[in-house]
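Shared chain: subunit A. Partners: subunit B in the first complex, subunit C in the second.
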Partner chain A sequence: MSDVSTSLPSSTAALSAARSAASPETVVVTARSVRVEPAHSSSESWFIQRINPVSRFIGALLMSLPMFITLDVVSACTALGLELVLLWIGGINPLRVLRRTWPVWIAAVGGFLTVFLYGKASGDVYFHWGIIDITQGSVSLSIATFARVGAVAMPSVILALGLDPTDLADGLVQLLHLSPRFVYGGLAGLRMMTLLKEDWHALGLSRRSRGLGDGGRVRAVATQSFNLLVLSIRRATKLATAMEARGFGGDTDRSAARVSKVHAVDWIFYAIALAIPVVALSAAVVTGNWHFAFGSV
Partner chain B sequence: MIARDTATATLPLSSSAAQVSAHGWGWRHSGRKDFALRNVSFDIHPGERVLLLGASGAGKSTLMAAMAGVLGGTDEGEQEGSLSVDGLDARAARGHVGLVLQDPDSQTILARLGDDVAFGCENLGLPRDEIWRRVRHALDVVGLGGISLDHSTSQLSGGQRQRLALAGALAMQPGLLLLDEPTANLDPAGVREVRDAVRRVLDATGETLVVVEHHVDIWLPLVDRVIVVAGQSSEGLGEGIVADGRPEEVFDRLGAQLAAAGTWVPGRQLPDFSAVAGNERTENSAGSADDSAYSDSSHRSRTVLSTHDLSFGRDSQALGAGLNLEFHSGEVAALMGPNGAGKTTLALTLAGLLAPISGTVDYHGDISRGVGDADGADASSRRIVNEPIAWRSRDLLGRIGMVMQEPEHQFVSSSVLDEVMVGPRSMGRSEDQARHDAEELLEQLGLRRFGPANPFTLSGGEKRRLSVASMLAAAPQVVVMDEPTFGQDFTTWTAMARLIARIRDEGKAVILVTHDEDLVTTLGARRIMFAEGAQR
Partner chain C sequence: MVSNIIDKHLPHSNKWRVIDIVVASIIAVASGVIFWAWDLVSTAPLALFAPVAPGFEGLLNGFWLFGGPLAAIIVRKPGAAFYAEILAAFLELTFGNQWGIGGSLIVGIVQGLFAEIGFAIFAYKVWNIGSTMLSGALAGVGCWLYYFFTNPGLGFLGQYGVIYLLTSIVSGVVLSGIVVWLLYKAIAATGVLDRFESGRTQVEV
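The block that comes next holds the complex of A and B.
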């Protein structure tokens, strides 16, 4: 791809001739069309792709909020199991799910260890050393914690991955009737984040080139942050001007070029999103494992 | 009924061309003593195509923003007189005027091509079918019709993004199209793309056009009227509208005066600053007696910088590889080629700011002498001495100077004078000496009167000159400049070219990244062309 050659003047003597020669030196670079990144889809799952972005948010809430009212192993594991199976059907196999959501599992392991080692003691004591108390109660509670963090966070992350900000903004304005001025202003600002990242990089290079790049890292970051703030305000002002020039923020009611609608598939998704915690919580009640989170126990 | 039918049956993008009238109009930015522009009076008739000229900093962009109704309210400045579009105050007519600016980054609003064009139509509250009809037509007219509406706007070239901005304005059927240096950031191919797109737009719509551009040759075939403005600070021509008429009239009658005041008049003779022949250069090295290379007149040009099997790029993605280039003292080398090819990346790598992906950038001779001495680093290591990426930041001062692509990235001070004094101060010059050097540089680049002003309040062309001045203040041996002549009128352009020639004749190596063919010709620079390789 980046196979490259360059003609070079070999000696200083030949240079004057080379300089005035009709054919200039050439640097061959990778063609830009090869550098283009692949188009991204709004989700790896064929099912999630079809759901309205706003539904994705609401569905995630429906799925996770009920899971907070009990602390048992059974409901957490049931929900987690159901979610993995459903995602598999939806087109993402469990291994892929784990790979996409690895930070969730680090958090889950953290929760597991905390409760496992330091959790409230109950039942048989398996191991005791200092403040570390491993008991029957702490073992089951730690497994429950692990599964619960996974069951709540994993589907939310999967649903959020690949979410298109423009589509979400459309949904927020058209379905939830949020102020277009606020939503589209925020959307345009979001696009600026990439520019700010480039600005930060360029500011760092410029400081180095101007002899200001040595010395304490902390001070460098502080001054550079201030420069970035100044630049971001400049950028925001320019962007606001461009948006105003296109009639944004005027008195006319804004119309919508893209339709954001709730389809049958969204209702199916809502049903599934509700069914998961219902089944999981029922399983806990039926098996007698229900453990009310806000109880006095 | 009938009237409505005919209205909908007209050409998809035809709109009634707008009339613009200014009467004694003026604007003073809050916090500035002088008016940016004053006593501006004109009537631009529907369908007229106007080229707006003026020196760098004359207030052209201010006038454009005012006509677009986006200049801001009373907290941002003070207005006098009146400015109206189709009889409406320009602010009230906002949204009925299409504005295209020079910086594609600040006018791409949404992530997908079609959505971005539709944005303005949505704000006008148009029905959906109408929006998409206009979007497709606007994209066709500017020559982007072949690209999917879902295409990511961040992956368009500079020329494409400017045409996208044009399409966004066009879809609103504005009646008045304002273009503020729309091609300033583009390579020659991009300039032609945009100019041709504008021509098609005007042929299709008959809209009124006002375009600002220093390089008049691009737009002259398209315009039928030239208006020249001068701000309070402009010298020689007076204030407000200094010329107004058909292009040939204006240039015939006032050509010499306009040229003297810095306007690029058509067919203008370029100065010749190509390298002085032979031994003249050696006199410049008289001061450095220990410099053997200079005093040896048979090698008046020595290699100060070379690359060896260099791969350059960002984020470990190589743009070019296997590069063996040499740069010489007393030579101007110009990196040229299309937007986005990687010229800037190579320039940053040569300047010791970006690490090579593989291979090396080596500095030779006494440029690297003394690098790393101060803190007792291992100066015997070849790498530390020759490869600038391993140098400390302070060691770059006095050795390599870089003018960044975006001048605003360079500013670290709150006043123009301080900005130029940063380098000399860091190099341990006395305060008086630093001030003296800084003021001299500012004088040369026509910025002296801005000494106490905030760098961010300068015009685009002035910012560019300031970034050059602050880099030169650190007296580098190798000078790397990314688009040094951007936004300059003829006077400041000539001053910049002369300054570059002087640096070269002092025996320094100059590396330019530029699209400016005239500059390369004037300096007789060595060209290094970037070309895209075959795909795979």
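The block that comes next holds the complex of A and C.
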């Protein structure tokens, strides 16, 4: 047991003095007041940091789902502008937002081109070849698609970045009352991911020492990936046994060590999240640009 | 030939054990990492080739569909495909990709639900290459439904839509059906599934 005392971190000189004075049987534990764990930031935005992880998802849904009803430039651009301004107020400037969400814009260009060439035809025909049909209608739809892909995806990508899975799991169980077995079982799987990288490295070394994996690069990666998958299933099997040994998955109710709650700031966030599509859709109706997304044209 | 008849001494149970949850989760995690990697890898090709080659998008879909069928064929419990596909999609979302909550999580839920039908339709009694392929194909249908629901500028059943649907199904059948089945067989052969029904059907009965 004497090893335990030496492996504990010492933060003060007094503590190390206490340790050297301690007999081998004594375990020196850092005083609770001295234990410091820096709070990790769950978002770059001071506002998003404060809201419950479950609220982040609810907010993202409130923001994006109504946007699917219409497909027009006005509503999409209004929402996009509002979101950029709100994120700026929230502490992330537009340049940063765009840099963080660069894949969104590549996907938006893809969406633009696809609808541009194959979108529902209406109005004047500009170009026609095979199934490609560039018309007045498809041009305006494609611009709207571009803006809408951005307006829908951008805020949810920002909201999801940095999300702490453990906090989310607590919220899912305590607020949404999902099955704790599945939520925490899933969390256990997620937490094992940090091990995958080490496993990958170790597997590479052990294969190397056995003279494997020097052939084709693709083949080596494929076999090693398969090995990693098998290894993680084996580890998951062991983990399940360990979890059961500790009473996980039993019939008794779980108690929660970490409390997950919805505060006033969450309600403010819901209101903001809902206001974005409301304003955007109203703008489309007022300016006469409303275009029901599931109509024939 | 390997038979898929379930050993009579160990009747199939639809009740989830802790090991089922944890193993389904780790399969979902591995799938989620691949989903995300595929998001990145496919970003540029999708933007470049999807417009010039209709059907290209659909053919790439299989890489986002296999998580559900793989978990389902291994743990063999109701809801396994649904659960794994959602967890994988969640992971993909938190890593950050181009689609945000809609194109990662919601589409994952739809794909998971459709993949689940492939096994539910047989009352969770048939676990062979056929039901896996059906599950993969249906996941492809789910992907198409989501894509055209959120891309109303293209018609569901316009030429582009039909091509997308067919290629998506083909991709689902091949990558999330046949390849998943072969992968499962290879995993089972290592003996790592000996605590699962799926690892015990190896023996000829």
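Couple of notes before you dig in:
We adopt the following convention: the second predicted complex is superposed on the first by the 223 of 297 C-alpha atoms of A that agree within 3 Å, B and C clash if a C-alpha of one lies under 4 Å from a C-alpha of the other, contacts with A are read in each partner's own complex, and residues count from 1 in each chain.
Note that contacts are C-beta pairs under 8 Å (C-beta built on N, C-alpha and C of every residue); 3 or more make two chains touch, one makes a residue touch a chain.
Remember, it's a predicted structure, so these values are computed and weren't measured experimentally.
In the superposition on chain A, no contact is made by A:264 with either subunit B or subunit C. By the document's definition of touching, of the two partners only subunit B reaches A:212; subunit C does not. Judged by the touch definition given at the top, the superposed model places A:155 against subunit C, while subunit B stays out of reach.
In the overlay built on the shared chain, the residue A:182 is in contact with subunit C alone; subunit B does not reach it. Legend: residue contacts after superposition of the two complexes on their common chain; A:199 is shown touching subunit B, with no touch to subunit C. In the superposition on chain A, contact is made by A:31 with subunit B only, not with subunit C.
Look at A:244: by the touch rule set out above, it reaches both subunit B and subunit C.
By the touch criterion defined above, A:95 reaches neither subunit B nor subunit C.
When both complexes are aligned on chain A by C-alpha atoms, subunit A residues 165, 188, 230, 234-235, 239, 241, 243-244, 248-249 touch subunit B in the first and subunit C in the second.
Of all residues in subunit A, only 57, 60-61, 64, 68, 71, 100-101, 103-107, 109-111, 113-120, 131, 138, 141-142, 144-145, 152-157, 159-161, 163, 165, 181-182, 185-186, 188-190, 192-193, 196, 226, 228-230, 232-237, 239-241, 243-244, 248-249, 293-294 touch subunit C in the complex they form. On the side of subunit A, the complex with subunit B involves touching residues 1-6, 8-9, 12, 15-16, 18-20, 24-37, 39, 164-166, 187-188, 191, 194-195, 199, 202-203, 205-214, 223, 227, 230-231, 234-235, 238-239, 241-250, 252-259. For subunit B in complex with subunit A, the residues that touch the partner chain are 65, 68-70, 94-95, 97-99, 101, 103, 105-112, 114-115, 118-128, 131-132, 135, 150, 152, 154-155, 157, 168-169, 172, 299, 301-303, 311, 317-326, 328, 331, 335-337, 340-342, 346, 348, 351-354, 392-394, 396-397, 400-402, 404-406, 408-412, 422-423, 426-427, 456, 470-471, 474, 524, 526-536. Subunit C contributes residues 16-19, 21-30, 33, 39-40, 43-44, 46-48, 50-51, 54, 57, 74, 83, 87, 91, 93-94, 96-103, 105, 149-155, 158-160, 183, 186-187, 190, 192-193, 195 to its touches with subunit A in the complex.
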